[in-house]
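Each of the next two complexes has subunit A plus one more chain, namely subunit B in the first and subunit C in the second.
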Partner chain A sequence: MAASVTGLLKPWTPRVLLVRWSRYNPYYLEPEPRKEVYHIPETELTPEQKEERELKSVRPIKAATNSVTSSVFNDPVLSKFVNMMMKDGDKIIAKGIITQTLENMKRKQVEKYHKAPEGKKAEIECNPYTIFHHALENCKPVIGLASIQKGGKFYQVPIPLTDNRRRFLAMKWMITECRDNKHRRTLMYEKLSQELLAAFSKEGNVVKRKHELHKMAESNRAYAHYRWW
Partner chain B sequence: MALHRLSLRLRQTVAQVRPLHGSGCGQQQEAVGMEMRPETFSIFRTQENDPACQSEQHLGQYYTVPPSHFHTVFPHGLPPRYQQQVKSFNEGCVMVRQPALELISHLKRADYSKPTLRYLLYGVKGSGKTMSLCHAVHYCSKQGWLVLHIPDAHLWVKNCKELLPSSYHASRFDQPIQASNWLRNFRTTNEHFLSKIKLRQRYVWTKRESTEEGRPLGELVDMGVSRVKSSSDVVGAVLKELRLQAGGTEGGFRLAVAVDGVNGLWGRTTLKKEDKSPVAPEELTLVHNLRKMINNDWEGFDSMDPFIPVPVSLYSEKEFESCYLYYLDRHWLQHPHSQTEEGKKELIFLSNRNPSVLERLCAFL
Partner chain C sequence: MAASCGKTVGYFLWKFGNCCFNFNTNLLSPTPQVLSRQLCVSAVLHRKNLAAAGPEKFSEEFGKRHLTAVMSNEGCTTPAIGVNQYIYIYIAVQWGADRRPFHFLFYTGKQSYYSLMHDTFTKALAVEKHQDRLRGKDLFTQDGLLLFFHVVCVSRQYARFIQLMERLLSLPNCSVEEDFQVQPLQYDQHGVAYSTGDGRRKTATGTVLLRDTGSGSISINGTNYVHYFPVLQDRIFMLHLTAGHSHGGGHSSQAGALRLAISRAMLSFLSEGQVETMRQAGLLTPGPRIKERKKPGQEGARRKFTWKKR
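== the complex of A and B ==
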């Protein structure tokens, strides 16, 4: 796609071209990667699902991206995290770091589990996926700040955040924290597993950053009426 | 060279046994059938922790290596991922598999008055050759044999930081770090033999240092560990002594030589001399002495012929089940979907029942 576009560039075309749109015609339908949907027998389909099936038999379908799988172990939040961690399109390295992180977290927790006395065993969470999700939840800010101009000056105004924005901020903070504040010799997966375990127990630098944002928003309550949406 | 071609395709491990009048294995009696009672939790575990008493009925089951023996029997030689697993699970469990049982039964029934027997474990990458070798080494050390376990011959032919020219022989090269590490581990494994075996020859190391005849082997090994510069020559001396004495009649002991990655001894090395020309494996003292242990005057396959090949295959269905249940028991498979039938089918599909691939998959699930 990019190759053909560069061939068509003329002196009057704008320097910046948006080539990462989804250029599919809206006529095309989304693919369905989940296996359960196809195992429902004919009799149990609701009328809407029946209609959808009829439609899918006549309309063309978009190609599925490389990151969606019909595997039971597919996790959309984790895929998003992998994409955010990816540099220069190298998903193999990013995915490798995440799998090493999960393995590292699980090893630490399982080791603690096996050495703990009987009473304490139930409290130790060994599942790296639940730890990841809970840690991310603990890092998500509830309220954000926006820079709004009023009378020549810029004020930091507290605003509500959408779910996507909150998730994005949590992941972004986690990744930047692990990239910047680590010793030169510590590997990324080691630092990431430490941060995730800390965030799971509501400690650590990322949760601290969330609290600071909340405090700033609380202190700027007075400007809340500058928001017009 | 035949061995070269084979080494490019397969990785091989070898165990060699020196014959001697020694105390035979007394524990050949059949073990009590531990699985008479239907114990649901131990369908994949067995209480029979002695490799000598394991038989076909224990195939696919895990036996525990007692923690006290773990560090003496296996100071080196276990795959690194397995060592991490032992640390995480707080126990060392090995699966009883067909190749290891076959090897142990050969070792039990071999006639030790005849010339030495060699066994070659071969199979695809990740099929469990090193673990089968370690199982056999555990059996040998339980029986009281002297075990010469070289963890990985590839470690001796690549990535050596220091390469000293040998003092003993002008054209050879020494590897002091590798040799001293190996001697240290050798000392941990075979503590009780070191004081019993006496040297038959006088060894002169420098103008002032020499080891006299009749001194115990332990002294030689200690000298090799402390004097790092001559450690490769000490390794050569140790191997020579063991070769001479294992064939003797008095004070009999049995010697088992286990080399992991044995094709490394005949392939190419990645080491370079100072003028950037490649080093051939013959020019390394350690490799030269080790090849003499595997009885050669010729190159490649001829030095291994005749040997008994023992194929190591991927997990069978029963072994896969056993591995899956073991991971479930040790709380290793944490993903909720991995504990369902769907997840299990997916694991079989993704790993193709390859032990190491399965282990890596289950690590992050």
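== the complex of A and C ==
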């Protein structure tokens, strides 16, 4: 059978290796970078928020990461997207691609705006950040599939997805689509801006993929009772 | 080794020819019921020497006689002792009738030291939970340990204990966060208030000088901050800075170190509420994340070597 790895373990290597551990004591709480939260006066807080505030005043807080700021330009979704696009820890290049994408989208939209007749001008969205958010929203699947084994066979069972999972899937599809299905000479930011604009108007390959997933889930709804959680 | 309950007497076998230290043969008067156990015997020699088949065959009288025969060179009526004879010495052992030791750390060899370490660590966890500071350093000198905990330990063991105590004392308190003192504002010759701060992140260090009414020019290590940090992400924190100095690490960790330094320098300018806001925003905690060490048997910290089937 397969060669055993236990022979490679030296006596000083601990037998029980922690895999998902953090340098912080579990006592530490997450930091809150947004400024608005601290400006809410005492009266407008719900009881849970009051409790949370009291807890935060006695517990130690983790350090905020480098990419998180309290400025108005800080966008957690965009930061996540940049991190997912990053390869080998090269955030400068990933951030550069995203900035170029946003700029490209803005240019296209502004061009469309100037060419449009008077009545249609108000409908054209020029803000690249809103386009990005709406496009991602349109790509998010509502329901997902899980492979569950029952009686020796594997069935694709429709399951509900958490918010994080949906956002992750939308971003992942977008990035893989832009990396794979493009002409050799088109640059990443061009392709990405095309896809985002298409997703904004609910066209394009990513939205198609989302619809296909929904159809699969719909067709497999007979197995929905295989889910036990 | 204060095992007051159930102190029993046992046998300890030593090869006569190889004794290199002068053993204290304290022949304690044995109790009528002697629970015996061979602690250390060479299997080869045991098999070879039929005469020393086991201490069950021998009584204390025989042992005593052999001992006196060995110690004194006078003639005695005991049978001739061969070359591979064993000497029986009585020591106090701490196991019960079922031959299981009483203390759970018996097999460490230094049960009271390790049990002290264990208790102290439990205390550390309790302190973390209740956010309390443990004082009373005079309790924990080496003599204090001897007096209060009846522990005799070597200086190296004591050093380890002190390390653990220091860790215990460095845990954060609910009222005093991270051993932090807010410095009062200092005024330079023109009457302008300024304050300094320093921060560290991941082997990068940064020191910062904040002036109250500055011209808004920011310089790091002598160069303009725009030139020093070409990446936008690193520049986000340089809002109020006047002069900064940083070395070590990479650009991102230097930015993080300077951020911490700026937050600390700003503390003397801000009110209590704002300080609390900064703390809850995570700006005052020095991040503990460092590069994870490479482990033996793996290529990196997490990456394993290529798996070969055979």
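Structure notes:
Operating definition for what follows: the second predicted complex is superposed on the first by the 176 of 229 C-alpha atoms of A that agree within 3 Å, B and C clash if a C-alpha of one lies under 4 Å from a C-alpha of the other, contacts with A are read in each partner's own complex, and residues count from 1 in each chain.
The rule is short, and it goes like this: a residue touches a chain if its C-beta (ideal position, glycine included) is under 8 Å from a C-beta of that chain, and two chains touch if they have at least 3 such contacts.
Quick caveat: nothing in here was measured; it's all calculated off a predicted structure.
By the touch criterion defined above, A:Glu103 reaches subunit B but does not reach subunit C. Using the contact criterion defined above for the overlaid structures, shared-chain residue A:Ser147 touches neither subunit B nor subunit C, since it reaches no partner. Of the two partner chains placed by superposition, only subunit B is touched by A:Asn127; subunit C is not. Of the two partner chains placed by the overlay, only subunit B lies in contact with A:Glu111; subunit C stays clear of it.
With both complexes placed on chain A, subunit A has more residues touched by C than by the other of subunit B and subunit C. Once chain A of one complex is fitted onto chain A of the other, the partner contacts of A:Ser71 extend to both subunit B and subunit C. Contacts of A:Thr46 after superposition: neither subunit B nor subunit C is touched.
Residue contacts after overlaying the shared chain place A:Thr162 against neither subunit B nor subunit C. With the contact threshold set out at the top, residues 71 of subunit A are in contact with subunit B in one structure and with subunit C in the other. By the touch criterion given at the top, residues 2-3, 5, 8-10, 12-13, 23-25, 27-28, 30-33, 38, 56-64, 66-71, 91-92, 95 of subunit A touch subunit C in their complex.
Of all the residues in subunit B, the ones that touch subunit A in their complex are 84, 87-90, 330-332, 334-338, 340, 342-343, 346, 363-365. Across the complex, subunit A is touched by residues 128, 131, 172, 174, 177-178, 231-234, 236-237, 252, 255-256, 259-260, 276-277, 279-290, 295-297, 304, 307-310 of subunit C.
Put simply, subunit A touches subunit B in their complex at residues 71-73, 99-100, 102-103, 106-107, 110-111, 113-115, 126-129.
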